[in-house]
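Both of the next two complexes hold chain A, though its partner changes from chain B to chain C.
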Partner chain A sequence: MSTEYFQKIAETNVWGAIAPELALGILALALLAMEVILPKVAHGLIPRLAILGQLIILGVMLTAGSSGLGYTGEAFGGMLSFSETGQLFRAFFLGTSIFVSYLGMVSLEKKTLPQVEYFHILLVITGALMLLAQANHFVMLFVALETATVGFYILVSYFRDKAVSLEAGLKYLIMGALSSSILLFGIVLLYGAGSNMALAGGSVDPLNFGNLQKFLAANPSDMLGLLGMLLVISGIAFKIGVFPFQIWIPDVYQGAPIPTTALLAIASKGAGFAMLLNLTTVFSPLSEWLYPLLSVLAALTILFGNFAALTQRNVKRLIGLSGVSHAGFLLIGVIAAEKVDWATNAILFYLFAYLLASAAVFSVLAHLGKEDDSELTLDDLGDLAKRNGFLGLALAVGIGSLAGIPPLAGFIGKLLIFVAAFKAELYGLLGVAVIGVVVSIYYYFGIIKAAFFEVWRYQDEDEETPEEPVPGESLQLLGKLAILVAVVGTIVLGFYQSPLGSWLAG
Partner chain B sequence: MIGLEHFIGVSSLLFAIGFFGVLLRKNTLVIYMCLELMLNAANLALIAFSRYHGGMGGNVFVFFTITVAAAEVAVGLAIIVALFRKRQTVEVEELNALNN
Partner chain C sequence: MNDFASLVQLSIAVPIIAAFLTLYVEKWGRPAVQIVSVTGFALPAIFALFLWGFYDPAIAGDYAFVSKMDTGLSIIGVSLHLGLNGIGLPLFVMASVVGLAAGLFAAQSKAENLPRYLFCLLIMQGGLMGVFASIDLFFFYFFHELALIPTFIMVGIWGGRDRNYAAMKMTIYLTLGAMLSLVGLIAIYVKSGADSFDLITLKAHLAEAPLAESVQNYAFGLLLFGFGILVSLWPLHTWAPLGYGAAPSSAAMLHAGVLKKFGLYGLIQVAVPLLPDGLKQWESWIVWLALGNILIIGLITMAQRDLKQMIGYSSVMHMGYAFLGIAAMSVLGVGGVVFMMVAHGLTVALLFMLSTMIHHRTQTFEMDEMGGLSKKAPVLSAFFVCAMMASIALPGPGLANFWAELSIFIAIYQFKSWLIYAAVAGIVISAIYGLRAIANVFFGEESEEFVESQKEFAVSDMTWAERVPALILIIVMFFIGFFPKTVTESLNDSLAKEAVYAQTEQ
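Moving on, here comes the complex of A and B:
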């Protein structure tokens, strides 16, 4: 441990490359400061400032170039590694956070709870997820993941005046902590295997992805390494809700506030796949064990998610279970990425299409104007198209894209994944996926049917029908703009992918 | 002579006790203790590997794990207390407002 050693590490600290994460952290703290400084009447401005700040960060990041703000390769002594994929995941998480901020603004306006903390924690989570997507070391991966997960516990139980929100928080807490412990124990076993100097490829820093890959390549049948991989994959499977680790999803999605449900559905899933894509490279020497395992999980996940959603009437549970099946489709992409290089890009396209479609659907749900959103059923969507045509259209486009109806973005996303799977000769999984898609059409169209066609309702003639809240009466310019971006984005990505297509081929 | 395998054996045992405790116990606080046990089992294994294989990486990682565990406890106990105030119970079987 000489001075040169530390100097060499210090020289790899390129702070400019993590400027977006730093900016998010500063913005998060600034929001708390603003709550103290600004007079009470101006507190409504704070969420808008949060959205504006994030839009500026996203804009700067996108104009600054496609690969890590001009930096590529490892930095911070091997803790982080910047790549084009990582940069796209950053944009994905930031985009999600902007939509969730908007949803949070809508949902929290009706409540008397403290508001600013929600956006503070949301920004911290987003920063952590952005670092997670670029982690190149298990310590970085674990700390970034836990920063995000602990934030999620708070956001799930944020409506602390409601028992269901707290109960969902507790269930998520137990399941999340359990999966983190499993992940940690897996990391420890990998450390124990890789730090053994007596074996070929052992190193003092085996938690670095590159060093670990070298070790596993030299000892592909090391028992500790195999067990470690199994536990790490199980821990991640919990986070993305892969069968048989999906038990928490319906309950937590139902109880959590709508903005948090959206964040869990989009960002948490994206984070899981960002980790999985990095780790499949690390575990590539163990591929004869890894890929059969993932294939079985993917098939079971698709079947379970779709069949469990069939009989579901509660909208949030339904979206959660359909999210399970989306995780299955994405998993097929991960498996295909072993043999087909561009499958990684197909996964990213699918995630972006999923982001836009989910943003449209959750925006509509947030605007339905129901007091207790955990009890939102399909009946509450009745005649939505007649009562508010704009919201009805947004819901139809969002659900259509999730179902994979051409010409929407979701269809192209599924098509790319299926083509990748075909090229990788995963015929069995493709068959399961097609069954899943066919089944999913049934329940997705159940939602559209509920929103667009007359529902017969029992009405007592003597009794006056209670005044129903008009959906979307709180819809302001910002809300229309947000929904419009999601809807137009979904349609445009469905028709026009030639720049993306050339990028995917390249 | 106590060797590495003894430490790893104890650590795995603690991890298994914690894991099955989470699955089988009914009281939320006990479940929470079991979760902490699992994290500490991982710490013990880290320290043992670090000591017997040389290298400081494992020792440093333990500090991160302890910090993460502390953060989890702070948030987790707050949620449990808030839930107890609403429902007057911390038994898992009685917390079933969310189901099909």
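Moving on, here comes the complex of A and C:
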């Protein structure tokens, strides 16, 4: 046991590379332990500690640098691959998780359900998603995805005393299982095709992304390979909610507790795109099949999402369907990334803008939601601007950013995607996107109208309406801070992107 | 010349800063709000007049008072590049003057929730100043949107009859127009290969390597219809009369007077110089649609009974002359258009303001229910007669509109001589509705309704608070009417530097 021996151990130790995920796991366990150890009066602290812990992890991770904590390339026998994009996705998921924790605090306070488990599962999901974004192997990808999905099943049906929540959980379970099995079937086909040593490029480990790419490049017309690609893409399309796999979105979004809806809308979508970005590289030898397929899906997704949202009055369903159309815009970015390098960064910018905007909107909804938030309609937004100006402003900024109105971050995201699409000569998709944006204005405008324009009419008609409780009266410093971060971030990123300028340039 | 560049930046920043200050000083009462907001409008006007005085075409290169700043979008060739040339300067000055008048009028209005109303108006003013000072196409679009969004909000919240419907219709129409023109601008950016949104760079680049004709065709088409919707080109104009009818007067003043000129300015400054072949391709479209504006809308204007709607329609009608002037593609025609934009901006703003003052006295916009107001309010009637005479471009000394339309007429006569008959028919039409409106409102017998309403409250003449904003507009109008050279000298100089306009002159 010489020093060399230990030195060697230290050199081959790459566990530091997944320190954030490990820390999240430990934090998740610590939360459960704290529930046992801490006296009952202090249980209210646990969610706050969860948020604090995540903030520390995020802070350490961001200060540690932008390229995988000093680790780059493959690790763990090719299971993971660290890159700058992966690092950004990590920050994205962690940021989402922090906002969702805050939403969870607000929503669960109104309930008499066990609280700590919610945060525990949330942290596990986040860790899994962070690994997912850096997966370099289909086994890793599937395991990480399933870990997250199983967590989602629980979180969707977390309000176990509410029939809608349970119904949503069941629907998500069935649909999720179906999509997972499709994905798995695709992976198996790829394994079968790639492990055929008789073919050029066949290898013993065909599920490694690099190996599979080599195999597909050597056999671009392999039927099993093509079928496998199709099934894998379909499985991912379920997660993102791309047409025609968007069928579960409205019901599940409506039934799930608001924090879970936010997590589904932001993190689940982000995870889908993290996978898709990795896999488009893997499947690049099949690009003549892949990109036409994605283009058709993108166009249909944008059209379906926007037109289906037009007549919605239920806010959560509306946000869900608008999220479908956002997935369509992001898909355009993925397609453009084939020819335009920085389109990947455009997608990330769009996702971050979407995160901030959604955080603002869902925070408002969490405060508005009463005992039962699944029936929150546009009418419930009425007078919001007057009842609570701060929440009204947050809603306006969030919705404006989702609608892509300058000077908000959402506009810059859309602009970058549009420029990338134009550079990649996707004129047809661009036309569809323009139609989508104009149609979306109608329903986003409906939300703004409900929250703002009714104000003085109500006053004129009958002044004797019973005093409604002011939403967000209990808004504490933490809540204000969380909303403020989302609002200010959305506005500042709308006209000043300098901090991100060099990163955007790729 | 660039010594005063910071004044250009300040003219944009001051209203926006004042907007937020207005909300902040709300707690100190109404006078504080008024002082802050009026300062926010007055400073840009002072700066703009100062810059106007110091602008010397002899020393100015392409642009004077230039400043450049990176905001972080350098990846797509965007920087905050500000400056003024002979085309932008008159409009910049006009925007500041109309803004000051609208601001003064709004600050003493009885609008509910005044600080928020002024907030919207100040943000709009900041955007307007930015539009005409932007050399970068991205910011040109950005500032336009910045000014546009508050318009929707103001119509929706503070609007009159049908405000919800009007706000929604405006939003959808104008978003479509804005999206089309955005795609057109992106097309220029991508296809030029200059990798810059900077107008100067683009011009230099395209002068050496013009775009292929097919690209010019569709890019110009996108810009023509995109800008066309924004300028209310027939038959895409239907949002305009409705929107102006419903808009609160200060918002209508700024939108009809200034913001609408964005589309024309874009055609003159961007679309035609960069895509001259595109204009030739679309020439006949422009001519026929513009004739629709002049003749069809002219006849519709004659049929209006509602004073505010009539002014709205008349402003749509006048845009027809502007399109014809641009189609003529000569220094004379385009110079006439810019001059008309300035003159029309001042007069239409004045007319909207005066019509609201009339409404305060008669409690109606229906012209049939008015009459004989001149006996009660001689000063108001003098102002209105003056503004209406100017608006219908009656030949008279000191009326800027006349000079503008005269030079447009000469240009279109040189361009296609038969057009002059249609244009003259338009003049007759506008004389009919203009004079009839004056007669209906101010002269003749007092209508029964008017006599009735006078019993309830006394009708007084214009107060000084009302006179000041009206005087500001009228003085500037007469100034450029008597001394058109102050505008045309630098204007001609800048237009002559544009190869497209200068060529056709010979």
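Definition applied: the second predicted complex is superposed on the first by the 477 of 506 C-alpha atoms of A that agree within 3 Å, B and C clash if a C-alpha of one lies under 4 Å from a C-alpha of the other, contacts with A are read in each partner's own complex, and residues count from 1 in each chain.
In this section, a contact is a pair of C-beta atoms (placed from the backbone, for glycine too) under 8 Å apart; a residue touches a chain by one contact, two chains touch by 3 or more.
This structure is a prediction, so every number in the text was calculated from the model and none was measured.
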Chain B versus chain C as contact partner of A:K480, first or second or both or neither: neither
A:W342 touches, of chain B and chain C: first, second, both or neither? second
First, second, both or neither for A:K111, with chain B first and chain C second: neither
First (chain B), second (chain C), both or neither touched by A:F185: first
Partner chain in contact with A:D251 - chain B first, chain C second, else both or neither: first
Residues of chain A that lie at the interface with chain B and also at the interface with chain C: none
Chain B to chain A touching residues, read off their complex: 8, 15, 18-19, 22, 28, 31-32, 35, 38-39, 41-42, 45-46, 49-50, 53-58, 60-61, 64-65, 68, 71-72, 75-76, 79-80, 82-83, 86-87, 95, 97-100
Chain A residues touching chain C - in the complex, by the definition given at the top: 342, 345, 400, 405-407, 411-412, 415-416, 418-419, 422-423, 430, 434, 437-438, 441-442, 445, 448-449, 452-453, 455-456, 495-501, 504-506
Contact footprint of chain B on chain A as seen in their complex: 139, 142-143, 146, 150, 153-154, 157, 160, 163-164, 166-171, 173-174, 177-178, 180-182, 184-185, 187-189, 191-192, 195-197, 202, 204-207, 250-251, 254-255, 312, 317, 374
Contact set on chain C toward chain A in their complex: 70-76, 112, 138, 141-142, 145-146, 149, 152-153, 156-157, 163-164, 167-168, 171-172, 175-176, 179-180, 182-183, 186-187, 189-190
